[in-house]
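Input: a single structure, listed below in structure tokens.
First chain written, first letter: the chains are A, B, C, D and E, and each begins at residue 1.
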Amino acid sequence: MTTSKERRARKAIRTKSAYHLTGIAISIFFLAPFVITLLSSFRHGTEASLPPLPPWPTSGVSIDSYALLDTFGAGIWRHMINSLFVSVATVVLTVAVSLLAGYGFSRYRFPLKNALFVLIIATLMIPFQSILTPLFIILAKLGLNNSLLGLTLVYVTLQLPFSVFMMRNAFDAVPKEIEEAARIDGARDLRLLVRVLLPLVLPGVATVAIFAFLNAWNEFLAALVLLSSNEKYTLPVLMTAVRAGRLGAINWGAVQAGVVVMTIPCLIVFLLLQRYYMRGLMAGAVK
Amino acid sequence: MTGSGSEILLPRRRRRRRSNWRGLAYIAPAMALVIVFFIMPVLFTGWMSLHNWPLMGASRWIGFNNYFRMANDTRFMTALSFTAYYTVIVTIAIFAIAFPLAIFVEKERQFVGAYRTIIFLPVVVGLATASLLWVWLANVDSGFIGPALKALGLVEKSPNLLATFDTAFLTIVVMVVWKIAGFTMIILLTGLQAIPSELTEAARIDGAGRWQRFRHLTLPLMRKTIALALIVSVTGSILAFDQFYIMTAGGPQNKMISVVYYIFNQSFVSFNLGYGAALSIVLLAILVAISIVQLWLLRVGEERP
Amino acid sequence: MTNGMGNKSVVLQDVRKSYGNLQVVHGIDLTIAEGEFVVFVGPSGCGKSTLLRMIAGLEDVTDGEVEIKGRIVTDLDPSERGIAMVFQSYALYPHMSVRDNLAFGLKMARTNAAEIETRVKAASAILKIDHLLDRRPGQLSGGQRQRVAIGRAIVRKPDVFLFDEPLSNLDAELRVSMRIEIARLHRELGNTMIYVTHDQTEAMTLADKIVVLRDGRVEQAGTPREIYENPSNTFVAGFIGSPRMNLLNARWGEGGLVEVAGTRIESGLPPVNRPVGAAVTLGLRPEHLKVASGLSGSLTARVDFSEYLGGTQYLYCQLADGQSLTVEHRSPISIAAGEQVNLLFESSDCRLFDEGGNRLR
Amino acid sequence: AENVEMWVRSGIGDAFKKVVEAYNSGHESKVVMTEVPFSELVQKYATAIGGGQAPDALSMDLIYNPAFAAAGQLEDLTDWAKSLPYFNSLSPSHVRLGTYQDRIYGLPLSVETSVFAWNKDLYKKAGLDPEKAPANWDEITANAEKIRALGDDTYGFYFSGGGCGGCMIFTFTPLVWGAGADILSADSKTATLDTPQMRKAVDIYRNMVKKDLVPAGAASDNGANFLTFTNGKIGQQSLGAFAIGTLVTEHPDINFGVTLIPGVDGKPSSFAGGDNFVITKGTKKIDAVKEFLEYVYSMDGQKIMAKYGSLPTRGDIADKVLEGLDPRMQVGLKAIGVAKTPYTLQFNDLINSANGPWASFTNASIFGDDVDGAFSSAQSEMQSIIDSGQ
Amino acid sequence: MTNGMGNKSVVLQDVRKSYGNLQVVHGIDLTIAEGEFVVFVGPSGCGKSTLLRMIAGLEDVTDGEVEIKGRIVTDLDPSERGIAMVFQSYALYPHMSVRDNLAFGLKMARTNAAEIETRVKAASAILKIDHLLDRRPGQLSGGQRQRVAIGRAIVRKPDVFLFDEPLSNLDAELRVSMRIEIARLHRELGNTMIYVTHDQTEAMTLADKIVVLRDGRVEQAGTPREIYENPSNTFVAGFIGSPRMNLLNARWGEGGLVEVAGTRIESGLPPVNRPVGAAVTLGLRPEHLKVASGLSGSLTARVDFSEYLGGTQYLYCQLADGQSLTVEHRSPISIAAGEQVNLLFESSDCRLFDEGGNRLR
């Protein structure tokens, strides 16, 4: 009997180690590009154009690459602040707008409801590169050209299909009784939404917020076309300059540093909120 | 209904109508944004597509000529077929990777959360940034892949991955899989976890092996989820632009011009905005049609009565 | 506004409800006295919840009026009706502590902090949840959650308490003790309470008045004893009581004789105005049937099979004409399947219904 | 004081920035300069015009000048230009490109020519005479082989062959121009790609690629690494004159020589490129803009530009401007004499676009397997673009 | 492989289960005879499902062996054990018709089509679901789904049927009729059946043998009558029976006297080997207590409140020392709260337990 117990235990260990070996191999594939870039970006300027073999700095750690990055455009801090402004504003507005819309779609009946919902979702299917010109003209008419606010509004719109879909599902998942209990308790409209329902759809909000942040932080074409002065440019525009190279040569060190600078905030935001995010995404995707 | 209550009905009707307005009020900000920044530009695009609309100077009404022109535009046809090719390959690749991954991380066990997070990490990086990162990795002299292959002695000379179509295409597909597979995985994971464990157990008792369970239970029960993942993946692939623009600039020899890239070129390189607009409208129609066909093929509607 | 008839707490006047073209509540009139405990029972989908929710104001009334404490409240907001409601799913605010759950309604009504504190204290003392005030609902057991939900109703000091199947998510044992708790609460607070359930035990034990609904109509309303002993039709007779009343097809004979399954039995009933030979239904509760040892007795049946339940044994029997019959047998001597038994009963325990199912006497 | 808004393409170099700095420090009106990534400049400018938000002035690659002028988006400068005392000595290629239907819309801002450079240190190491400029492509190829023999990462020749139309028109067409051929007919209405001269030029490059004299990266370099020569491991390369300045200031350790690019038959030629200065139609700050341009043309302005590697735009004072500067700059100046610039409204579509027929032709014919196919498909595509533009 | 003892169907030998460090099943030994209907009962989380799933092979056994029909099956796949299982949630394949649901297992075993057809026919005839064969599970009612789930088990012709709370998703009425159905099925098929439930009625009425589990250990195993009448400890005594057995704190006196709540009552029990004065627990079922009209009788209690249930009345009483006590009162004369009652009982109905809760006699 003990032998059968041991046999079972041994088998369990074998299965387990095979599982984790596979897991480690997979993790290496998905992590390696990040690690290689991060380590390489701290090599001396002279090493920047050498292959990252090994990827870590061999002749001392240096921030040459980052210093170099700062010489593009109006300096990296300026662009970073612009990017942060646009991203945060996009997050705030997207959350506010999609929260209201998700609630309206989930809980109220009104004429053309489904048509309007499909309309919002359908915007997902339009290649937005092709409406840049009309967008530019409309923004100019609204006096929002070359303004971070205008860019933010465009980003918010781009986020809406996904966000409204998510928030509607999130509200659908909240039991109607909670809302009814609150109505009996005398909470109505915005008070009901903010004090009672908002905390219940937080995972959905986190998902929407992360997506809004990531997309606003990373978008470059609209930023490039819709903004037109150095001080207004966001980081991705800076990155196009880095990519285009300077004085006829790409500086790979700047590319590595740029990738790191572009990536780190996304990773931080994601890792901070991922508990909610995974839940929200998984809850939202079922429908 | 009874006639007797008609007078009393009046105030209540009014109340219900008020709640209609309330629902509309909640969605108003979203609708305003969509109308101003999407519907109007799209209508405008439709309008432009009926004109010869140069970037600068006066536009001229030409009816449906832009659409007729498309039929003989071999470069557009090439772009379409490349996009179709890319979509098929990349979708297959993503599913071929993401499905096993979803199964791999399905059960709650030690470190599984870490694996999920790690696989998902590339999703949070922008496509443009990811492209840039992989351009570097794939660079023949300063990158990682070629020199590493050479250092390992697998090749004699570091290969220039982006110089020929096949290797460049492969690089892009690998990059996209690296970047997207985590997202698809999570969607599929949702579907997997929605399958009650009792069903799998019942099938085990019924004597269905792993593959049979996958074939007879998992796949049919995940139809809705697969449809969602498929539509997301196909739509994304058809709209692909950044990766070609940044990684190969459409090369080598213009073999990687996707439809959106072509529209971009027509509008902003050749400045045929009208023609570009017409192409956009056609692309939109194609996308809507493909989505409908996918939903229909997977018969999403009739899943449960 | 008060109409001076203080003892009426809730009055429904011809209340109707339609969803689109589907009418689910058909003109219900009901008067509930101050302090009364009223239970709505009925099969699933009969409109119990809908009726309760119309009283609460959560559902629009299609036609008719709802009056609470003499005020017409048909068009008022739920929070303005002086009601409180306890939901089946508890519907606690999961992100708030128990204390905040209790206080939320008062905060919304801008009650001052000291008053809130007092009322929350009082309610939690009544329900013995003082020690849980700082927990989140997620950290409570089912029974504790239900207590909090009731507490949330109490702090509002409502005129009327509404309960929608508050115990059906609890397990059997807890259900019994919470039922007793609710009864105690009604004794202590003395408020009007309206309670929806499909559990007969709850209905029988809690109610001052039971309202039996079917398909959006009131079938019978009365005290538990009235309903149990004098059901006004076969529906009510079959619905209340477990195991359910045996309803036997029979014919009306002469001189108080009733013909069931080929044998004439003395029902001992006084004559009713039915022609001899008319089809009637004879109702006999399982616990009123006694197994006689000999061959004497009025009904003969064969035991199909029996269920042993400790104190009791249920006998599932068949009459000569194939009609089946349940007998509650309480005796240490158990009876096996296949045995032939004689069943005795008092004629006063017989109930008689016409072909339409309505009570003859 | 007025602020003149002006866009320039990123990577234009320090020359123009310094002029703006100097101007701003000495004048009441200021120039506010915005750098736009060069690959998106035209598109962005055009969109901005469409939205009525264009800058007052722009430093525009001269080859686009005809198209924008034709669209009527640029300020007509004819009268003012002709009134300038030094008008006739302004770089003629630029003025020609700035002219549309006899009106002048653009004036030279920076002059750029293509030249051939070799690395003297590598020549020395390979046993070649570092002071002797190669005179034809046989010599260049032979030298390349000797330099390649030096080792692993040293190469004999380099060009941006990954579909960089702009790079190749700049450095590669001089091979056929020198021999008297061209890729477009004189009236720009016929594509004349398939000439014996072009076949020969393609062969020369193919040959060097095949012999592994060119780094593998060349095949996918879309122009971002145009100045690979600056890494010191490239023996020879055709460059722009601006690179002389860059090399001198940024890479003083590289010892190089400069000569004109030989044609396939040995006769040298060059591409006259650079930027024209254009003014957006309807700007209210036209006087300030003109004031700035006059400063650029002044001796001070020209000297600052030259100091940072930009060739003088005024022939009359060119020698004076270059006085005391690196003598190799003279080669760039000399190139203006033999230089050509294609005049076509579809320059972007035909040549500059990374996805145009010219770009893919150069890549396919030099790196591909099917040279004939590359010729015929590029020829027909160019022709169809020209035709559709009529 | 057969060990020649054909009447043993399932044998568990010191079966244990741990999740990580948490042991949830502690060395269970159990022998189930061929054709026996065994019911596992016990409070939630006691390991009933885990045990059943280990027999099914859905859960690995940490230690010990499982034997079915004389074969050690501990390491075999579920499909190779000759078992079939019916799940609480039905676990029907939602995308297949009823027919395909029934046939799926046979198809997996590559049974030929004609045989499949015959078996599906037979099973659906037994369960009266012939007319549903072309429907999807989603188009069936709860009871019909449960029948299909049972049908899926039947077609496999298993040696052993396993049921995990198969009826707990059904409503009360349906639960009763499906229970009777399962009893019939067992009579007809005669297979060994193992059934998990926490519903006592199901356990009492269905089982040949009840196994009462607590915290992963067997508390008692025996026929329903043994368990009900002779519980081996207070846990079993309190767990089986509803309302539950009254367990009163008492002291052992001389000569068969037991001191409860200050009064000495004649328990009529023969002497046990306890010292006089030792704490014991006296068990008395509510139905064994009779309300005496006069002052005679052995226990005196005050009625706290009562519940009227039609045929029965439950009296919740308090003894002099505050211990509470439930009495089942079956008489048309109802007793009101506050009344003082005398309670009579037969000494043969008394059960006595020691301080550890174990049965003294």
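Everything below uses one rule, namely that a contact is a pair of C-beta atoms (placed from the backbone, for glycine too) under 8 Å apart; a residue touches a chain by one contact, two chains touch by 3 or more.
Being a predicted model, the structure only gives us computed values, none of them experimental.
Counted as hops between touching chains, the shortest connection from chain A to chain D is 1. Centroid distances from chain C, each centroid being the mean of CA atoms, peak for D. Here the chain pair with the top count of touching C-beta pairs is A-B. Centroid distances from chain E, each centroid being the mean of CA atoms, peak for D. Centre-to-centre, using mean CA coordinates, chain D is 92 Å away from chain E. Averaging Cα coordinates per chain places chain C and chain E 28 Å apart. Here the spacing of chain B and chain E, counted between their Cα centres, is 55 Å.
Residue positions 43, 47, 50 of chain D are each in touch with at least two other chains.
Touching two or more other chains at once are residues 139, 141, 158 of chain B.
Multi-chain contact residues of chain A (touching two or more other chains): 49, 132-133, 137, 243. Within the complex, the chain E residues that touch chain C are 44, 171-172, 176, 180, 183, 198-199, 201, 204-205, 224-225, 228-229, 240-243, 285, 287-288, 305, 307-312, 316, 328, 330.
Every residue of chain E that touches chain A in the complex is listed here, in rising order: 14, 60-65, 74-75. Contact residues of chain E toward chain B in the complex are 56-58, 77-80, 83-85, 87-89, 91-95, 104-105, 108-109, 136, 138-139, 152, 156.
Remark: chain A residues 16, 19-20, 22-23, 26-27, 29-31, 33-34, 36-37, 48-53, 55, 96-98, 100-101, 103-105, 107-111, 113, 116, 119-120, 122-127, 129-135, 137-138, 142, 153-154, 156-157, 160, 164, 189, 210, 214-215, 217-220, 236, 239, 242-243, 252, 255-256, 258-259, 262-263, 266-267, 269-271, 274, 278, 281-282, 285-286 touch chain B in the complex.
Taken together, the chain B residues at the contact with chain D in this complex read 54-57, 75, 139-141, 157-160, 162-163, 168, 248-254, 257, 261, 265, 268-271.
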